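Below are two complexes that have chain A in common, paired first with chain B and then with chain C.
Our next item is the complex of A and B:
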């Protein structure tokens, strides 16, 4: 047995020089390239191609139309309406989730009784499927029987039931609240790991020099946490940008298009009207906006990391 | 005649059988045809029969449509139908996508399919549904409800065969009407007056519940209001919009007023679809409710309803000088234009739509027949007494806009009507909507 093994090893070792050295790494990378190409690049390129055609399953056309879809998109009020909602949703929910998540992480970092239990329990909202969260918030914020209205009325904050989802002024805000509830724990988790990487010696030294809690936070923890904070923010922002299930389940984009987002608009174009051409244009526009967003955050991240190290 | 099939190689017999068994599941039509044309043995149970396939959304009752297909297969020895089950009607977007993908392939599978009324025009315009005029005559069509028939037509041709239907209807509190000595209201104004009175007397919290969520159901509610005022969303030829006309504007204004002027509906209806509006009604909180026929059994179930035995149902009210209208829903049968087995497919379709099968569907699924004569059936009336109520409602069944661009039309309607109901600028929004619709269908 052992002998044959060594014999084989010798054989292959002898054979190796026959192949140019540079081939090996590429050969080993090939499966990865193929996999990523098949699931990431090909769909993106296919989406781009479709966005330049008038492909529709209903009219059964599929002709190249150049940039016609894009000029149509730029003058499409529905698109800009959805674009505005999506950008606002992303900004507001990411900001709130970062702030609340940071607060949660700072609390969970300290030692207290049952800390392990609280850390685990905190993740429950994040573990729930979004559809379940959506249905739950649907009931919480129900205009007639919702517990939120009941609480606010009993506390004397409002004197008439608020119609959270039926009013264009409050519908998007309610969706943001639901999203914050669901994903703030995720931010807290990322930031907690970030906090744990900050050397204890630094904070201990600062305290020895007489620094108070706030000073320790502003001068030591926050600057060192900044890279983690930005990476977590980037993750969240990209995720929030493609919000779909909350809107789809709770409002369907209404009332009066006040909660329409790019994802729901693209879904309607692609799968309700089966206009694959124009629908792909909407998703490509989404992709571009998201790439710009990611680009800005990445630049900021790189600069922060350089400053910290 | 040359037919390309995956089985045309010279493989020995038994291999064909197993191959076909597997294939038949995926592409019954083509495989079945290939085998039949080449005279090869097909499945043992299908020996010597023409093989076709039938795709339908899955409805549930005390049996499934698969059971009906089995009955057909057992009832004769000429045609063998394979049943392709699509998602339930609650996922109608997925059913639609599934059908479009199969029909667009143009390979004749499924030979027969069932379709929501709103897809009929689109399928016909795309050339996927075969006009049925060569199979039917006036005597045959006269046996169906008129509204259903007109929804089954595209460009003057019958492209779908009526199967079963559902429509919007008015549910009311029979006990309270008796208490006030009022008759069932026939106009919207009377309805609003009685609804208001019930609220003021403290008998109910709301007067009238309907569905204003920016979704398909909003279009259904709007069609009923507009048609009951003699208006329409699109012109008869489906090529121009009529929603900017005063009849339509008045109707939408009425819906807006139920919330803001008469205050008989809570503003929550703007985010409600069917179920959220049904719950307060069966909890005894509303005088009137506009909804579909599924509400009836729920309202009569003591475990979920506070109003068992206190409910009545009937046609929706209308405006002065108008006629009651109820939005037509339900699934109708279509014949794939690319089918290779026209006659076999038609035989199956007409069997499905025949009185016996419609009655069986009414009894076992609770779905309304599209043949008025069935409503006189003693057994049906005894086992499903609610069906008798449906006859006058079905008579007023009104199709939603008949256009191949329905998918775009409905999205524009949902957005435009929702805006009007929120901001109250009904005339302005309807004019804008009318312009949009003209662009889509023109």
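Our next item is the complex of A and C:
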């Protein structure tokens, strides 16, 4: 086999002039660059351009209007409403997911019977389509016949049925619960791999010195886990910030705009009113916010990791 | 071994009840995780076999009584779920294979060939996965509309390829980095070209990783909602998430039908995930979280 390869290589080398070696990697990367260039980078720039126009698919106009859309955005109450919901959603769900995920990871780290089964079950919420999660929580938290209300009433925690996602006061909380349910187990699995990289000799040495469970956790495991915890949290926060499927399917932004997020607002501007100019302004503002968020979190991450190590 | 010896020693030195309490807490925690992860879907599954009358009776039960296939009948005959399933299968499978081909080439170039700015390129590819998709959907819609690609599989597949590529490239790169470099040096000595090394050496060694990565790509494409919602408007090309999202009757929400459809589209994913769970966790953590 080796021989035929050699022969073939010699033959081909003789037949055509060899391409310079540095060309090859770029040639192999070309399809990837084309794909992400056309579907990710170009739309960002085009969105930025559209956000400076009054493009509308209804009136068929597309004139340059400068920063008019952006000044409109800053005085648009719906935008700030959605901004507030998105920031709260991101903060609350990331925090809860990280804490609950950490708790789950600490349990999974120990040896017990059926650990494989539990770990496999934890992938179920992650693998399920978000649309299905959304519908599923719609049924669980249904105001009339939902099992959550039934359980809470039978346990004596509430007196009357709560109209979870039909009431502006509780709708956003219901969405946060659904999001935490879906992503906390996956977070736990990521943190578990982080925990497993901590050398056992360290925790054992501490135990030999008489350190109790909590001390081992606070002074050894948590600091060493911090980088993993922060990176996982960073990715989760960026993901939570663009939440769309969950909200669009369960509440559609309602009731009374109480769950409108930036993604659902932008979607409505784009595809309900067909105002592509203003819709692009909302989505570009969102991209900028996300980029700033990512920048700040990265800086903070780098500083924290440096301090730890 | 040392670990068990030490924990035995600490258990012996502690109060007699502490070891037991610890175990009890551990199992309680494990049970809670199991309930958290599995019970909502089990409930949804049980719901799919109950009559609407039983679902609205006021006292929910887990065991269907009487048992019914009614919702499954509705889902296939009235809502034609099989057409959505077919659309989803076409789009997701095409995305998966194209992504594996393109992504593995890129990962190979980044891991095995001489290239300037390797980490910069990896970061650029990774950053794409953090872009808010809502920012991409508007401009791409205009282009798709101009090229008459709305309501086609092609548009969805092209978009999904770019959305899934960062994941595929990162996971494949992580796997290629674990393969010993001596092998390709030996192959190079034998006169094998870069493409030959990719095709004859690296790919055959990466089959397990290709399967896992393919599974991740498939799940991502199968579950995608935003672009499918924006780019398709009828059952000829709509995928399952769009189909299920539109499951609403005029006067009431058909929870039983929704539960049946959920069970149908989620059960295959759950089976796949259970079979490949170890590889999935490894594959995903290779991607970026691991330092």
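In this text, the second predicted complex is superposed on the first by the 273 of 309 C-alpha atoms of A that agree within 3 Å, B and C clash if a C-alpha of one lies under 4 Å from a C-alpha of the other, contacts with A are read in each partner's own complex, and residues count from 1 in each chain.
Methods note: a residue touches a chain if its C-beta (ideal position, glycine included) is under 8 Å from a C-beta of that chain, and two chains touch if they have at least 3 such contacts.
Bear in mind the structure is a predicted one, so any value in this text is a computation, not a measurement.
Which of chain B and chain C touches more residues of chain A is settled by the count: it is C. Using the contact criterion defined above for the overlaid structures, shared-chain residue A:101 touches neither chain B nor chain C, since it reaches no partner.
Once the two complexes are overlaid on the shared chain, A:127 sits against chain C while remaining clear of chain B. Shared-chain residue A:233: touches no atom of chain B or chain C.
When the shared chain is aligned, chain B comes close enough to touch A:257, but chain C does not.
Legend: residue contacts after superposition of the two complexes on their common chain; A:204 is shown touching chain C, with no touch to chain B. By the touch criterion defined above, A:163 reaches chain B but does not reach chain C.
Once the two complexes are laid over each other on the shared chain, residue contacts for A:144 go to chain B and to chain C alike.
Residue contacts after overlaying the shared chain place A:112 against chain C, while chain B stays out of touching range. Of the two partner chains placed around the shared chain by superposition, chain B is the only one that A:58 touches, whereas chain C remains out of contact.
Shared contact residues on chain A (touching chain B in one structure, chain C in the other): 142, 144, 271. Within the complex formed with chain B, the residues of chain A that make contact are 57-60, 78, 142-144, 163, 165-168, 171, 251-258, 268, 271-275. The touching residues of chain C, counted against chain A in their complex, run 2-3, 6, 10, 23, 26-27, 29-30, 33-34, 36-38, 40-41, 43-44, 47, 55-56, 58-60, 102-103, 105-106, 108-110, 113-115, 121, 125, 128, 130-142, 158-159, 161-163, 165-166, 169, 187, 190-196, 198, 200, 219, 222-223, 225-226, 229-230, 240-242, 244-245, 247, 253, 255, 258-259, 262, 265-266, 269-270, 272-274, 277, 280-281, 284-285, 288-291.
Taken in their complex, chain B has these residues touching chain A: 93, 97, 100-101, 104, 122, 126, 212-215, 266-272, 276, 280, 404-405, 407-408, 411, 414-415, 418-419, 421-423. Taken together, the chain A residues at the contact with chain C in this complex read 2, 5-6, 8-10, 12, 21-22, 24-26, 28-29, 31-32, 35-36, 38-44, 46-47, 50, 103-104, 107-108, 110, 112, 114-132, 134-140, 142, 144-145, 147, 150, 181, 184-185, 188-190, 193-194, 197, 200, 204, 207-208, 227-228, 231-232, 235, 238, 241-242, 244-245, 248-249, 262-263, 266-267, 270-271, 276, 279-280, 283-284, 286-287, 290, 294.
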